[in-house]
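The same subunit A turns up in both complexes below, where it pairs with subunit B and then with subunit C.
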Partner chain A sequence: MADLNIQTTRFQLPGGIEPEMHKACSTETPLEQLDTPKHLYFPVHYSGGGRGESLVHVGQRVSRGTPIIQTDSGVVHCASRGGQIVCVEPRAVLHASNDISDTIVIETDERLDQDYLEPLSWPWTREILIQRALDAGIIGLGGAGFPSHQKWGAQHTLVINAAECEPYLTADDLLMRVDAHSIVRGACLLARTFEIQRIVIGIEDNKSHALDALTTAIQSARSDCHFEIVVLPTRYPSGGERQLIWLTLGEEIQSGQRPSQHGILVHNPGTLAALSRAVDGKPITDRIVTLTGDQMRSPKNVLAPIGTPLTELLAAGHTDLEHISSLVIGGPFMGFEVMHHDVGMTKTTNCVLVRDPMPLPIEPCIRCGACAEACPVNLQPQLLLNALESQALERASHEGLADCIECAACNVVCPSHIPLAQWFRHGRARLQADTEAQQRADAARLRFTSRTERLERLAKEQEARRTARRAQSVDALARVRQAREGNPS
Partner chain B sequence: MSWLVPIGLGMLGLGLITGLGAWLLDIANRRFKTESDPLVARIDQELPQTQCGQCGHPGCHPYAEAIAAGEAINRCPPGGQDTVDRLAELLGRDTLPLDAEPETVGQDTVAWIIEADCIGCTKCIQACPVDAIVGAAKLMHTVITDACTGCDLCVAPCPVDCIEMIPRPVPANRWVPPKPSVIATDRYPQAGLAHG
Partner chain C sequence: MMQRLRPQSTSAVMYTVLIALCPGAVVSMWVYGMGVLFNMLIATVSAWGFEALCLRLRGRPILPRLSDHSALLTGWLLALSLPQAAPWWLVVAGVGCAIVLGKHLYGGLGHNPVNPAMLAYALLLVSAPVSMTTLWVDPLNPPEITLAWSAFLGIAPDGYTSATVLDLYRTEFIGLTQPEMQNHPLLAQSVFGVAAGTEWVALAYFAGGLGLLACRVITWHIPVGFLGSLLLLSALFAIDPDTATPPLTHLLAGASLFAAFFILTDPVSGATSPRGRLWFAIGVGCLTYLIRTFGQYPDAIAFAVLLMNFAVPMIDHYTRPRIVGRDASVRGSGGLS
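Entry: the complex of A and B
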C-alpha cells in the first residue's frame, strides 16, 4: 500500500482570475466510448513530436497499434484502429496555423485485430523505458504535445498536473475518475525507473470526485511510493507549469530556467496513464475529449480513437456544423479556432468547444492596470502591448515577453477588450524566429570564414609547391649544365 | 639639504610605478590587439550572412568592409529594407530605399538537389560559399538544409539543372501567429457599427 498525505496549499498564486468554470455540464454524464468512425486522419507533420515521415503505403492494411508515422524526435505514432490505408494526401491539420500537411487516411473495417508491443517486465533500464515511450507514441497529453522522454533525466520530484484550471475542460477530471489506477501506476513506475523520491499531485478543489478516486487508487496501489496530494483553490491559471510548481512545492523557477534544472518533472495525468498502458504493450490509440460549450446539445466526455474527424465528435454531442458559430479546440483562453472541420483529432485534442464567442468592440488601452494585477508572472501587459504595437520587439523582450505564459488572463480582465494574449503569442513567436535566424546567420558566418581561410591556405600551399618544383627544375638544369661543362666530349 | 632626499626618493618611486604601468599597457596593447576593425564587425553583424554576392561583393564580410569604406548601404536584397534601416541607424547615415528587384526580397529558401538527376560533377560543391553541400565526384550530392543560406549560387553551375530553390521547411512549432487587428471594425463589423 502506497503512502499518502493530503494537504491544502500554503502558497498563493500571484495574479490570476476566477472566471465562470462551466465544468458541471460535461461531467454529469458518464464517459462514453465513441464508435469507430469510417475514416481516420493522421497528419504526418502535426501529430506531435516534430516533423514526420510516413511508414506505410497506400493499399496496405494496418491493425490497431501498427506504427504509421516516424517523427524527428523518435516518437512513433500508431494506427488507432485497423483498416486499409486509402490515401496519403495533403489536408488541413488541427493546429492553430490551419496549415496543410500530408495526411494518412485509414478506412476502418470490422476486424478488431491488434498489433501491440511486448509487455515489459520489471526490472527494466531507463533506456528501455525511454524506447518504450518512443514506440508507444507518448507525448505530453496536456496540450503542448512535447515528447515526454525528452524531459526525463536526473529529477527528484514528479509533479502531476491535475489542476485542469481552464474553464469548460473536464477530460483530465474524467480520466482521474475512471482510471486513477493507471495514473498512479504510471507515476510509480516512472519514479522507480528514474529514482524519483517525491510524487506530488496538484489538484484544484472543484474536483472532489477525482480526488476521491485518486485517494482510493493510491491507497490500494501495491507500491511503496510516497504520494502527496496538494489541494489548490480554483483559480486560473494554477495549472501553468511554473504556477503549479510554486503552489505545490513553494519553489520559484526563475526566468530563463526550466523545471528540470531544479530537479522537477511535471506531467499531465493522461501522459502517466498512457505510460502505464505502454508498459503493458499498448500504444496510445484513444484519448478522452470533452465535448462542451453553450451550443453543444449534449455536452459530455468521450473516449475517441486518435484521428477521429471533428464532424464525428460533433455528431457524438448531437450537434451539427450549421448550428454552431465558432469551433475552438482546447479551452476558451488557450485554445485556437479551427477553420476546417473535416479534420482528424490528434493526441493533444482535449476539448471541442462550440459556442458563440460574443465579440466585443476593441477600444484603446486606458492604462487601468487591471491586466498587470491579473498577470500570474507579474508582467506589465500594457507596456508589452505598447512595445509590440510600435514594432519594438527588443523593448518587449526587455519587459519580459519571453516569460509570458500566454494564459490570456489579461484578455479576460481588460475593460477595452484588447486581445493582449494574441499580441503576445505573435510577439513571442517573432522573438523565437528572430533568435533562430540570428543563430543561423552566425553559423553561416563561421562556415563562410572557415571556407575562405581554407581556400586561401590551399592556394598558398599550391603556390609553395609550384615554387618548389620550379626551384627543383632550375636546380636540375644547373646540375646538367655543370656536368656537361665538366666533361666536354 | 638632507630634507630633499625623501622627496627625491618619493618622486623616483612614483616615476618607477608610472613607467611600470606604461610598460604593462604597452604589452597588453600588443598582446590583445584586435586585427579587424570593430565597425566592420558591427556592420557584418547586421547583414544576413547569406553570402549570396547580390551586393556585388564575394560575401557579407567583404560588403561590410566596403560599407565601412563608404559604399551605399542598400545593396542587400536578402536583408530587405529592415537591414538598410538598421545600418542607417548604426552608421548615422540617411536611410535609402532598397536597391533590388521586388521579387528577390525577403524570400527564405533553401537549395534542394533532385538526387535522381545528379551526375556527381561537384560543381555546386565548389560554388557553395558555406560548405553546405556534401558529395564526391561521380557520387550523388545533397544539401545540408540546416546550413544552407538560400544564396542560390549553386543553381547556375549545375550542368543538368537538378537544383531547385524551395521554401525553407518550418517545423510546426515555429509558426508565427498573425497580429490581431487593431481596429475593432476590421474584425467585427456589426459590433463596430453598434459602437460608434
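Entry: the complex of A and C
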C-alpha cells in the first residue's frame, strides 16, 4: 500500500480569475466508448513530436497498434484501429496553425487484430523505458503534445497536473474517475525508474469524485511510493505549469528556465496512464475527449480512437455542423478555433467545444488595470498592449512579453473586450522569429569572422613558409658561392 | 462573486460612475440651489454635441462612442466642479475644451494624457478668473430657482454668492484667532464646525465613492493615498491653529472628497499599477496641500492633478510589480521605441 498525504495548498496564485466553469453538464453521463468510425485520419506532421515520415504505403493492411508514423523526435505513432491504408494525401490538420499536412487515411474494417508491443518486466533500465515511450507514441496529453521522454532525466519531484482549471474541460476528471489506477501505476513506474523521491498531485477542489478515486487507487496500490495530494482552490489558471508548481511546491521557476532545470517533472494524468499501458505493451490508440458547449445537444465524454473525424465526434454528441456557430478544440481560453471540419482528432484533442461565442464590440483600452489584477505572472497587459499596438516589440519584450503564459485571463476581465492574449500570442511568435533570425545572423557572422581569421592565418603561415624557404635558398646559395670561392678550381 | 459585481463593459464602468455621482449632485442642488442642475443639463447637451462633432470630423462611428457615456461623464465632472452660479457660456466653453482639446485632439477615449475635466477647469481658471472665483453660491443663502436661472443666463444681480471656506482661510481669516474664525456664519452654522452645507456635499460624494469601491470600479489606493497625504500634511502644519487651515477643513470644505473618488480615479490619465496609483495619489495630495497653502487659487485640485498626470509615464515605469519568475521588477522604459 502506497503512502498518502492530503493537504490544501498553503500558497496563493497572484492574479487569476474565477469564471463560470460549465463542467457539470459533461460529467453527468458516464464515459462512452465511441464506435470505430469508417475512416481514420493521421497527419504525418502534426500528430505530435515534430515532423514525421510515413512508415506505411497505400494498400497496406494495418492492425490496431501497427506503427505508421515515425517523427523527428523518435516518437512513433501507431494505427488506432485495424484497416486498409486507402491514401496518403494532403489534408487540413487539427492544429492551431490550421496548416495542411500529408495525412494517412485508414479505412477501418471489422477485424479486431492487434499489433502490440511485448510487455516489459521489472527491472528495466531508463533507456528501456524511454524506448518504450517512443514506441508507444507517448507525448504530453495535456495539450502541448511535447514528447514526454525529453523531459525525463535527473529529477527529484514529479508533479501530476490534475488541476484541469479551464472551464468546460472534464476529460482528465473523467479519466481520474474511471482509471485512477493506471495514473498511479504510471507515476510509480516513472518514479521508480528515474529515482524520483516525491510525487505530488495538484487537483482543484471542484473534482471530489476524482479525488476520491485517486485516494482509493493510491491506498490500494502495491507500491512503496509516497504520494502527496495538494488540493487547490478552483481558480484559473492554477493548472498552468509554473502556477501549479508554485501552488503545490511553493517553488518559483525562474523566468526563461524550465521546471526540469529545477529537478521538477510535470505530467498530465493522461500521459501517466498511457505510460502505464505502454509498459503492458499497449501504445496510445484512444483518448478521452470532452464533447461540450452550449450548442452540444448531449454533452458527454467519449473514449475515441485517435484519428476519429470531428464530424463523428459531433455526431456522438447528437450535433451537426449546421447547428453550431463556432468549433473550438480545447478550452474556451486557450483552445483554438477550427477552420476545416473534415479532419481527424489527434492525441492532444482533449475537448470539442461548440458554442455561440457572442463576440462583444472591442473598445479602446482605458487603462483600468483589471487585466493586471488578473494576470497570474504580474504582467501589466495594458502597457504590453500599448507597446504591441505601436509595433514596439523591443519595449514589449522589456515589459515581459516572454513571461506571458497566454492563459487569456486578461481577455476575460477586460471591460473593453480587447483580445489581449491574441496580441500577446502574435507578439511572442514575432519575438521568437526575431530571436531565431538574430541567432542565425550571429551564427553567420561567427562563421564569416572565423573563416576570415582562418584565411588570414593560412596566408600568414604561407608567407612565413615562403620567407623561410627564401631564407633557406639564400643560405644555400651563399654556401654554394662560398664553396666555389673557397675552391677555385 | 466579486468578479460578477464588477462592470463588464466600458460603458457599464462609466454608467456606474455616473450613478455614483448622483448622491453628491442631488445634495449639491439641495445646498446650492438649482444652478447645479442647470449646469449639469447644459453640460450634458454640450458634451454630447462636442463629442458627436469631433467623432464626425474624425470620421468615426458616432453612436457606439456616444453610448459609452465617457463624454457625458466628463461633462458632469466639469459641471460639478464649476461655480454653482456659473453662466451657461462658461460651462459650454469648459465642456468644449474638455472634449475637443482634452480628449479628441489626442485620439479620443483612452488616449488623453491628462484628465479632460481638469484641463478644462484649469483653462477656465486662467482665462476667466473672475467668473471662476466669484460665482460660488453662499450655502446659507442659496438663490431661488428664478434667480438661479437668471444667474445661469448671466444676467442676475449679486447677493447670493460668497467666498468659499478655503478662500476665507487665505484671505479674511489672516490675523484672526481660532475662536474669532469660528464666529464666521459659515463655520458657526456648520455641524462639524467646518463649512455649512459644503460638508454635506462632500460627505455625499464620499458615499458615492464608497459605492464605487464596493462595485470594484476603483481600488482603495487612490482615495487613501490622496486623502492620507493631504490629511497628514495639514495635520503636521496645524500645530498653530491661528495660521493654518485645519485638516478637517482640507477634507470637507473643498473638492477633496469629490476629487479623491471621481477625479483622480480617471484610469486613462492616471498611473496604472496599484503601487503607481498610490504614488500618483500621494503626489496629488502633497501638491494640493502646497498649492492651497502657498498658491493664489481658490482650490488646487485641478493643477495638482494635471501636474501628476504629466508624471504618470515616469510613475508607471518605476512601479511595475515584480514579474513572477524574476528577481526584481522591471524598471525604466527599455529603449525609446
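Here, the second predicted complex is superposed on the first by the 445 of 489 C-alpha atoms of A that agree within 3 Å, B and C clash if a C-alpha of one lies under 4 Å from a C-alpha of the other, contacts with A are read in each partner's own complex, and residues count from 1 in each chain.
Assume a residue touches a chain if its C-beta (ideal position, glycine included) is under 8 Å from a C-beta of that chain, and two chains touch if they have at least 3 such contacts.
Note that the coordinates shown come from a computational prediction; the quantities given were computed from them, not determined experimentally.
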item: Contacts of A:E18 with subunit B and subunit C, given as first, second, both or neither; value: second
item: Partner chain(s) touched by A:R242 [first = subunit B, second = subunit C, both, neither]; value: second
item: Subunit B versus subunit C as contact partner of A:L303, first or second or both or neither; value: neither
item: Touching partner for A:Q382 - first (subunit B), second (subunit C), both, neither; value: second
item: Subunit B versus subunit C as contact partner of A:H45, first or second or both or neither; value: first
item: A:L4 touches, of subunit B and subunit C: first, second, both or neither?; value: neither
item: First (subunit B), second (subunit C), both or neither touched by A:P361; value: both
item: Touching partner for A:D403 - first (subunit B), second (subunit C), both, neither; value: second
item: Partner chain in contact with A:Q254 - subunit B first, subunit C second, else both or neither; value: second
item: Overlapping contact positions on subunit A, where the subunit C interface meets the subunit B interface; value: 360-361, 363
item: Subunit A residues touching subunit C - in the complex, by the definition given at the top; value: 14, 17-19, 242, 246, 252-257, 360-361, 363-370, 372, 376-380, 382-383, 390, 392, 394-395, 397-400, 403, 413, 415-417
item: Interface residues, subunit A side, partner subunit B - complex; value: 45-46, 50-51, 72, 95-97, 99, 359-363, 389, 419, 422-423, 425-426, 429-430, 432-433, 436-437, 440-445, 447-452
item: For the subunit B and subunit A complex, residues of the former touching the latter; value: 44, 47-51, 59-61, 129-132, 146-147, 149, 169, 171-172, 174-180, 182-184, 187-188, 191-192, 194-196
item: Complex contact set, residues of subunit C against subunit A; value: 3, 6-13, 64, 68, 108-111, 267-268, 270, 272-274, 277, 316, 320-326, 330, 332-335, 337
